[in-house]
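The structure is given below, and queries will be raised subsequently.
Naming follows writing order (A, B, C and D), and every chain is counted from residue 1.
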Amino acid sequence: MTPDASSYLIISAILFTLGTVGVLVRRDPLIIFMCIELMLNSVNLTFVAFSHYLSSADGLIFVFMIMTVAAAEVVVGLALIVSIFRTREDIDVDQLDEMHG
Amino acid sequence: MLTLGIAPVPGMANELGFPPLLTILLFLPATAGLLLLLLPSRPRPEGGYSWFPVKCLAQTAALATFGLSVYFLVEFHLGNLGRSSHWAIQFPEHGTWLPSLGISYFLGVDGLNVWLVPLCTGVMAVAIFAACLMINRRAKAFLALMLIAETGMLGVFLSWNLFLFYVFWELMLVPAYFLVGVWGEGRRIQATTKFVIYTIFGSFIMLVAIFYLYATTPGHNLDFPALLAHPPSTSAQTWLFLAFLLALGIKAALFPFHSWAPDTYVEAPVPATVLIASVMGKTATFAIVRFALPLFPHAANQFSGLLSILAILGILYGATMALVQIDIKRVLAYSSISHMNLILLGIFALNQQGLDGSILQMVNHGVIMAGLFIMVAIVYARSGTRRLDEMSGLAKAFPVMGGFLLLLFLAAMDLPGLGSFAGEFTILVGVFLSNAWFATIAALVTILAAWYMVRWFQGIVHGPVGEQAPEPTADASDEAWTVYEFPVRRQRLTKDLRWIEMAMIVPLAAVVIWLGVIPKPFTDRTAPTVAAVAGVLRSGAHGSGSAAGTVALQPKRMKLVVQVDNGVDSSQPSQQMPCIWLPNLAKTKPSLPGRLTKRITTRLTHQMTHGSCQ
Amino acid sequence: MSSVWFILLLPLFGFLVLSVGSPLPKRAVAVLGPGVVGVAFTAAIVMFFWDYGRHGVTRDAVAYTWIVSGHFVVNFGALIDPLATVMCLIVTGVGFLILLYSVGYMSEDVDFRRFFCYMDLFVFAMLVLVLSDSYLFLLVGWAGVGLTSYLLIGFWYERPAAVAAARQALVVNVIGDWGMMVALFILFLHFHTLQYVPIFKHVPAVLGYDGSTVRIVTLLLLVGAVAKSAQLPLHVWLPNAMEGPTPVSALIHAATMVTAGVYLIARSYPLFHSAPFTQSVVIIIGTCGAFFAATCALANNDIKRVLAYSTMSQIAYMFVGVGAASYASGIFHLTTHAYFKACLFMGAGAVMHALHDNVDIRRMGGLKATMPVTFWCFLIATMAISGVPLLSGFFSKDEIVGSVYLQAQHVGWLWIIWIMLALTAGLTALYMFRLLFMVFLGQERDPELALHAHDPPLVMRLPMMILAVLAVIGGYLAFPGAPNWIGNWLRHSFERFSPVAPAEPATQWASVIIVILTVALGIFAAYRIYYQRRPAPEQVGATAPAIYRLFLNRWYVDGLYDRAVVRPIIVLGLFLSTVVERFVINGLVEGSAAALRDSSRDMRRVQSGYVRNYALSILLGAVLVVGYYVFRR
Amino acid sequence: MPVLAIIVFWISTVLAVLGGIGVVASPAPVYSAVSLILTLANLAILYLLLNAQFIAAAQVLIYAGAVMVLFLFVITLLGVRDYRLFGDRQPLQRYGAMLLGALLLAGIIYFVSKSGTGLTGVHSSYNAFQAHKGNVQAFGHELFNGFLLPFEITPFLLVVAMIGAVALGKSTQGSRG
């Protein structure tokens, strides 16, 4: 079966949903973080696919930017996780409820 | 030649010109405000801070802004450019900002804002002077916020793009919030919260209306001329107009949306009160004339009666309330509400006299209220109280202060011969022409105004020279409090009006007298534009809702002329109106007299050489 | 022409110099203050003779355009005609004499400069009022004199009574200003201008299509006139205004400002002439006011207030005069009244000066011996105001009563008016001679008080004497049978726009004789009661206690106004501020705020604080968005 | 499309999805990390199939190289801990997430399959793939012409992130004394 634009989109959707569900059900912040990376990558795939099928480099530029942002995000996010772990000795996200209304 | 509104005009793009004087005028205060924050605050050896450099910079910036705004007043092209109905945007500065969203950077001067801009800068210069005198706690931040607010208000006055207007509209709110919330008195938090919630509530509804306009205007252009060329359908106008009026009416203290005003005016520190009461309120009344009326002429005609009734209720309500207040600042707050409603009443008359008078009265009211609120602080520094029942006979010890108080009191009660009478009378003439009963009832306020103002004035300076008020119990442990601040003060002033205090009041008093003795130079500048607005409104009244406003422009820095067929100028054939081009003469001419002569010749030649734009 | 601006600007100049000239020595103030008015008077005389040769020339001089807003155009200009000239002469002439008198009267006051500052401003405002060529600047001057009246009533601001009186005067006057303003709006609506001349020219045209307009306009103008001239029902401020310094009472509250209402009606005669209904109202107000004020004066024991009520009564005569379309006689009475009433006030001021500011006539008496000059001046002026034959008041009052008598031949109800006027003439003689007898004749009731009583210094004596002389000869301006030149001259003003200008009535001998008889009766009664019997203060009211109390309490009008108007408004304000503002206006806001708060209390439970819950809700939103696109078609 | 490419496509797809499932379902973070690397690598292959060579290379270098190394480093730093697969405190959260996830996926797939070629317009054809042999040059041209300013700003972003990370690490130490 020859892949076309919609195949890529569907793969992207599957990966995105997996990432989403992971973010929502897991409690380890590291895994949640990785799930977020998964979601970002699924979006990247969409961009690349559209870029290809629309013969436009704009999508690639977007991917490039997303990668940069993701890298920055990972740096800060991991630093946060490390620092929270240090102060709380415990990084179960369900215990981080200071924002309780 | 293109008609704005169909598409962004290529020639208009990025025509800021050099030097972009309006842009400089607009951002000078905010830039100075941000620079202030960079200045170091030097601690004094005996405690507290020396704010001298900070205050010098702030005052210089405020005065420079005022000077620059006067330049536009002097250079403003008078007369009606040979036509009875036109709407010329002078000194236009147009740049693309977000063209895909119809958002441009579009500044300009016309008859509506030509006086309000100097009012804003002038009153702000006085207010900043007052702040330098009266505020010592965190003075740097205070002055910076004042200056940023000034940019916000100038932006509202100068913007010709609806979105740009909204940005500045919100920008001026933020500093006001902090000015009241941090430096205010007593119940400042309640007051400022009420103020902000009220204002933001209205603003958001206006934002929705702006979005709607963006979505429905052909070409998605939020520039004023484009919007004017494509008025919304009459049914849409109804709710758009009401959405605008809610936001603007709240800010202008239209009855019954006024209840934020007295608390805010009273709890704010005096310079901030001047800012909010004198200038910020005018942004709302101005924006009604600039945007709400011409863009929705049909709805304006539809609702003018209802809104007039609200305004009349507000006039009488504010006056009656002022009659029974004990706090001298609160009396002024209610009197301000009463007068603002009178201005609104003039606007809702929707005719030349009502609008002319309203703009005149906006300036008058701004100047008078600034003077009165500053006088409150000056009186407080000497009496040690703000309660009418605790002070008496101050004129004996402070005759000069009594004299200035007298002048401002007379101006506030609309004494014929002073500025506010010219405004009020013109307003009421306009209202009378549109509805005789409204004017007759609204004129009753002169009786109440005389009553509450004379009670206020006599309560302060007249009566037996009794014992002074008891020392306030609050202690002045903080060195930074000044004698002008309520309720804590260090000692009571015993000298009559000082020179430094006179420097604030005298310019205001001079303006009040000038506008009363000869207001013609004022209306000369406003009248042509107001005639155009009135023309749009008249055409809106006749059902179609289409004002047929067109705009003509030239790629280079030229005057922008919006042509309005007001259907009244019968001497001119209304179908084919030749456009009038005027180069920006300010740029090409070195001296004023030379400019004057050349201006006339240029005007004539341009009229002759340029043809029709339609 | 420039002399007009000279006249107008001189007092203004004096005011400006005095208002900023705090270092000026007292002597300079004493020269400058009256001096500018004196020079203005000279200029006015020059202007008068300049014009007098050319009969009734009317000139309209525009100084500048005040405002232009669409077709609302107002110029600042001066209209010079006989009426304006006469008023100008009275204002500057009498004003100069009174200012001169003030130099002596106020010499002990610490606020000497401020007094002359206000007085010069008053003269300026009054000149604007009488010289203006448009209703708008009439209103400007109108409010200006109201302002200066307020300032001068409250001149001694340490006295609570003065402060209250000033406030009352201001507010009542502003009621009049309101009426004027609305009248101006209507005039503008129909005439598209506020200048006198075009309006008067087009009165017949407007009458042609709308008769009620002129009636409403004149009634509203009458509101202004009534408030300014202290006529019924807006008279309450005038007696209280006597709290001000006596020269103020003489100039503002007797000679000039309070007569502005008469001037207004005379000036607007083409309008009033076209509104017979309003004219009737003017006559009735005038007659009732004359009688009412006379009765109040009869019972009052304050020397200045008696004079104030007599002022009100005399102005009421002028109202009747202008109301009966006998404009020249109204203005004539205005002129003579300025002389003798100013003289009376000066006399009263001299008495007060001598008696340490005591105003209660029950403690006076026998001052004739110690203050002869004052007594003779006072006597002459009293005789003049009472209408003793051959003095000025006789002629002017007689003209008014005579014109009513004449018209009563045709209009029946005017007989009642005429009878009341004649009766009031008698009452006038009664209360004025009562005053004279109680103050100057008989014996001292309070010897201690009058210990140092003496005639005032020359600077006060001289103006008094000049005015006394004028009070004698002023009437011969219109001596019956003689040329009656003031009437002839003023007629130029009153014939210009109206072809049906009233003919000056020939002397009505029947009326004259009856008035003379009542006056004689009044004087005789005063002589019997207050000179021969000289009752104790308590006995006066005992003969007719109810009526006496009614008169003493000014027919209870003041109290009625306080209860029916002032207090309800204050109560309304308190109600609004305590109930409406707090519970309705704020209640709406705070109610909605409270509703939000309550609903947010429930909504808050949604905020568990767990980020994953929030993320789930975001997902829910995403699913909804996708669902929308899926099910859209 | 060559048959070989189709085969590669399907293998990469399956591996990528399996890796995704591994990320979500692994009991310990280290397994998740390895699974994520698998997914990222296979996505790089898909990028190559889509003629995006530069992005593919960047994907391997940045993600599989830098980012995942950082992850593994942090995992080792924090030590291995044992968590239950699913959160046990909020059962609603768990089932709700799975239900909504399924709905989302179903919705998207329905939407995409229904739209067909409409999503990518006229260019949605295999020919587009053939048209460009390599697009690194085009990409570079685009990046340095049209998007120069954003590109120049990205270093600031990275610097800020770096400073943030350093500050976070520092403050923690400070607070602990």
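Simple rule for what comes next: a contact is a pair of C-beta atoms (placed from the backbone, for glycine too) under 8 Å apart; a residue touches a chain by one contact, two chains touch by 3 or more.
The shown structure was predicted, so the numbers you read here are calculated from the model rather than taken from an experiment.
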| item | value |
| --- | --- |
| Between the pairs B-C and A-C, the one where more C-beta pairs touch | B-C |
| Distance between chain centroids, defined by C-alpha means - chain A, chain B (Å) | 50 |
| Chain B and chain C: spacing of chain centres that average the CA atoms, whole Å | 39 |
| For chain A paired with chain C, centre-to-centre distance based on mean C-alpha positions, whole Å | 87 |
| Distance between the centres, which are taken as Cα means, of chain D and chain C, whole angstrom | 92 |
| Multi-partner residues of chain D (at least 2 other chains) | 87, 90, 93, 96-97, 101, 104, 108 |
| Touching two or more other chains - residue numbers and ranges from chain B | none |
| Two or more partner chains touched - positions in chain C | 610, 612, 616, 619 |
| Which chain pairs touch, all of them | A-C, A-D, B-C, C-D |
| Partner chain B, residues of chain C touching it in the complex | 19, 22, 64-70, 72, 114, 136, 139-140, 142-144, 147, 150-151, 154, 157-160, 163, 166-167, 170-171, 174-175, 177-178, 181-182, 185-186, 188-189, 569-570, 572-574, 576-577, 581, 585-586, 588-589, 593 |
| Touching residues on chain A, where the partner in the complex is chain C | 20, 23-24, 27, 93-94, 96-101 |
| Parts of chain A lying in touch with chain D, wherever the complex brings them together | 1-11, 13-15, 17-22, 24-28, 30-31, 33-35, 37-38, 41, 44-45, 48-55, 57-58, 60-61, 63-65, 67-76, 78-83, 85-87, 91-92, 94 |
| Chain C contact footprint on chain D (complex, rising order) | 87, 90, 93, 96-97, 100-101, 103-104, 107-108, 110-111 |
| Chain A-touching residues of chain C, taken from the complex the two chains share | 604-612, 615-616, 619 |
